[in-house]
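This report concerns only the one structure given below.
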């Protein structure tokens, strides 16, 4: 999650085998590290099943990385941050891979220019899979040594590598979606459209127009924020600290396609008073008139999904709106007489089991909190410290998780982040408002 | 204060007649509105005294507006937001001025493209001064009607117009400084260098290296933030609300040129681990190796000022470092084992008469708080509502004031804002750190 | 004539005092060098009479230089190429002027970046005039020494300096026209519109539509091309050499506004088959739909001139179309079933006193000859050799002269040159066609 | 040959099976159309033999098209300009292919944006080969009808389609070379390096330094230029017409790597006086210091070829220099005290069997003739008329042919064309000079 050079984020699953993934995830706690390692690595490859060789190669815009780059980079991560230090005698199949597959870790050495990721036809897809197998062999030998001993110095790094790979699973999906959408032939990732929600939870109890959204009163006063306990969390989720929340209410459900369509039909994209200045400039310059992947046809609006193009009608209207930028989320909120929540409001409300629907598994939720450090935050030293800390400028925090996120990768303290104009992620909207009876 | 299209900010005085301005400001409270109006308007013109006709015309980069544009735009502001509604029969000397001198108020009509501000040779400087006189005449007649009655609907708008003009006084100075610096002949604004501080307060009691800076413990726990009382404040300084502050300490003084020079000599600009990712990219792309206006010569570093170029030695080393971007302020803080304060820490500490030096009148102080709305903030409706609200993305809050700010224009709740890479304003650094004995 | 960094071209007169200039030019041959020097230098300054101080400062696009830069650069030319070598003890009033006012002579030392010419407010206009006077004093002393002795080594350089200044007289006018047009207030250079032709020669004998243009048969077979004799010519007008001309016919008159309007009304700008590929791309990218300075209004087309905006009707229709690019000239010719002449056809026909109207004094005429060297061309050695030779790529030759060209600066062998998309010069169209009864 | 959007040029053979191609070409005249069709189409596919699936997909810079695009576009050409009109009932396998594989024929309908050619992963390589087979089936049925009857209206179009495909054979090779060079792994197209010349003809009779190059006196006086006879020629090779050639001499051989290395070692890239102004700007902006594909290593210069990287030493020094732009060819010629020939000098000398070596099969030879129409040139009407005519601006003519050109695709009247800065084609240098004893 982050600006160009960053998207090393996100998470797992979905799509090809959501049901299996769900079942698997429930037993994570009981799994041995080896089982977990194998499951995560195998899942990444399972996500590639619908792809042709050609699909692995290209980058359709600067933010998008080729599928084969994701496959190789996640392996490079294990090689560089774990095997190099903890697997004596480990050798890379090709020393140039360290150059090709380092994303942004300046302290880990020179890197291939991001802009050229989509131009390298070699190594071939087959060679990249061989690279993965090579790394897997070494990792499995190491895991045999580490066992399930959390005190082993490699143990937390292996967990970090798996979390990192889950982030790239989500990116792999958002990226291939964009690659397919860029192609005039509009290929389909999977016919079954497994990445669209099965149920229609967003519809809630017949949630009507945006104006009728029901609100939930959030906790006010001094609140603890940030990760606590022994489970895994990224460094940016701490240190745990207090904030003061003025009275507020938060949306019980996500904004739906139907809600957003009202905004579009009301001329929302053309009404200057609704937009941030930079947002208005972006709308005009890029000719935005709807979320990314929406298209206006003679027969009404359609939406491009990983399962192909579908009409924005019927059940589709009750699903959460997705692929909106911060600028659009902010303008919609202003149109609706509301605002976006802060990340602290979101976390405090989410933690309180407050009855909010769709916290996870639908769409990341923009907050009006800029992505900055918590008090007394210090990143790890060395290259691994570049993971989160160096992105703390000009980005917003998103909370929750999306339909492309691994279920085991979502939690109330998770801080995803993207810049104001990012739309190719599965990003949606939850509203908030002041404490009074307002709006 | 804001991103391209914005700089409608800042403040007065300094330079030409600092002493007079100081004396004048102390009596502001007692002044009638008419006296205050005349003083502010006259001061703007006094700032132009050292300029040649040619100097009024150009824009040396997209953020910089020509001097004659500042002179006209501030008049247009009175014309558009006050005279149009409250001065029956008022007519503009040229209806095209409304097009030429609207900065960014979308709801106030079409505007001249910002990029072309520096290309319009007409109206001439003389015509712009005539425009000012025309507006002044009408304003004085209106002020006679309004009297000192604060209940008159125009009264708060007139005060806003004066505050607005004070902001442009500061911008006028930062902009002409950049224009002069761009010219290979390096003209001098005023030989006396009145805009450099007379005393050397920053030097404090022989403030040594950054490491030795003394810290002041800030107030912790629940704190009230935001403007209260009857004095003037911009809408973005409210609503007043509570925040929770974890224990922290804040620098007793600003970072000096001497401190910053240590960072430069220590290779700070080349050490990737000190920088935000976007900061590092900016440093490389723009070949930054010191603050704006510093130049490396055979005889050591020099600094370009409104009074000309001077060596960075002797007393100059004890002055606060200025013209650094957020990226540089953040990297310096990391190098010094500290961080930037949040805007809330700054305000709470400043309000507590905590012994901090140079709160005002030296250099704006970057905070690590993104410029976003306070809880329950709502901008005014109509075009005037665009003043502050629509800039709330991708900018940082700066607190305090600078040597170019009118003394009557500084207060503890004031929120200035600029994007991460802005350097042409008088922007400096105050450090903060965690609550322990730290750093 | 040339690509960005070049326009060091063109010539004199017109406008302010056309009648005087004409009379003066007829006696040029008899004039002493001193009289001629004074006349050329004075004429440059006379062209500035209608300008305000502010008008001298800006550059409205990369091709345009500020008026005060033209005034200074032509003086720098005398200083650098003549006074430095032939006036012992000459000193520049400011050594930095050599940096500021060198246009593109790489071998003459470092130069100010062209893109920043319009940002330098100093030296002031008054200082630039003082610089001219300083150079004039030294030149006059030198001319006293040189006398009228053409064998003196400085004599040909002085003549070159005057020709160079005449070129800048034309550029000064084309540039200030663009500066005024860029300004929404649309200032007027001179009310009398002296730069519009007095007569209506282009109308010829009631020249009707483009299809009815009358043709003149050009000379065929082996023809001598290039300058001969003792009069002044630029190096690129030689060496004299032979070319073979297949039978051709050339337009008796220039294409008029009326002709061109037919093309516009016939949808010419939207018909892909009429355009060069790069031309079509340019038309779309820049939204061209008529010549530069034409504007579509509710009341029909208007044209911006140095005398202000006027309707394209009545006599204006019979004047030669002006301010068209090569792309437009070429597309118009294709639409008219004709083509542009080669520079050799033009020169051979012009020399034959063939009855062509408007050879000079109306609009430069695009040819389909690329600007390359004549056989055995060798530029002068040293910096002065950069005058013409280094521009011989990606430009087209234009022949004739325009209403902004000094009458003493036009001849049949003159080779002006500009790139395909240039429109701010006074550039028009003369057609040609094959030898048969064609079109 | 042409500016971005154009490269639809070039020719065949080389590499994989040069010997076979040579033998085949000698019998072309006797072949039936069907045999020739099959040979050309098969040869295109033979060129792809060394490629992996991934290699077909990407575009490494705007001028480069993906291999699979070349394969499809050449088939689209037959489909659009021949089958659509002459094969009743023909249907495309996918109507969207007409959009995807139209290069630049505006009159043939909407096209895929060139910039996105390298982003479309579908159709897959396998689907593209199926498309070729589909078109081949229909073409063979049509050829059965046409027979060898040159009077059949489809006959000349089929020949054009084959010539067009030969042009793309050369482009396919230049493009894949660039793709491989862009990849840090530097893959090899074929280990045998068949595209490097077998012999060392350029070395000639021990050709020494550039200064010692031997010259051949060209024919002077009136010369006929352009295609004559019944063989195939592109429309831009006519109409046949006369030109007058002043005395000149032309280089007996091409400039070699050894010659060019002298220029490099002599500081040629840094000597402003040798360069065109635009050339110097390009050299600085792109940091050129040698031909494309040359690299400076600790052990001396190397050159990247389709056969891999090799040292520039030994026999390699005697080969013609290649991959130089017009700017470099022009600067080299000036350094050598010579110039580039005009296209007319080249053609007249080449036709005279003048003893010039390496006319064909080594490297295209830049001329100082801009690519413009011959007198009375008229392109075909309709979309096919866009083939050559609309590129006649801002490009130079190159003569001869390269090692990547099909032997049957070279002739003395052939006019290849590229802009001044193009380097990825196999472009080299032949010098010329005036008629005297010169240089």
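By letter and in written order, the chains are A, B, C and D; residue numbering begins at 1 in each of them.
Keep this in mind: a contact is a pair of C-beta atoms (placed from the backbone, for glycine too) under 8 Å apart; a residue touches a chain by one contact, two chains touch by 3 or more.
Quick caveat: nothing in here was measured; it's all calculated off a predicted structure.
Q: Supply the minimal count of touching-chain steps required to go from chain A to chain C.
A: Tracing touching chains, the least step count from chain A to chain C comes to 2.
Q: What is the distance, in whole Å, between the centres of chain B and chain C, each centre taken as the mean of its C-alpha atoms?
A: Distance between chain centres: 47 Å.
Q: Once you find the CA centre of chain B and the CA centre of chain D, what distance in Å lies between them?
A: About 60 Å, centre to centre.
Q: Please compute the C-alpha centroid of chain C, do the same for chain D, then give the distance between them in whole Å.
A: Result: the chain centres lie 38 Å from each other.
Q: Which residues does chain C have that touch at least 2 chains other than itself?
A: If we look for residues of chain C contacting two or more partner chains, we find none.
Q: Every touching chain pair, please?
A: Those chain pairs which touch are A-B, A-D, B-C, C-D.
Q: What residues of chain D sit close enough to touch chain C in their complex?
A: Chain D residues touching chain C: 3, 5-6, 104, 106-107, 222, 241-244, 246, 248, 272-273, 275-280, 326-327, 330, 339, 368-370, 372-373, 375-376, 385-386, 390-394, 419-420, 434-435.
Q: Any idea which chain B residues touch chain C in the complex?
A: Against chain C, chain B makes touches at 52-60, 94, 96, 99-100, 112, 116, 118-125, 179, 182-185, 187.
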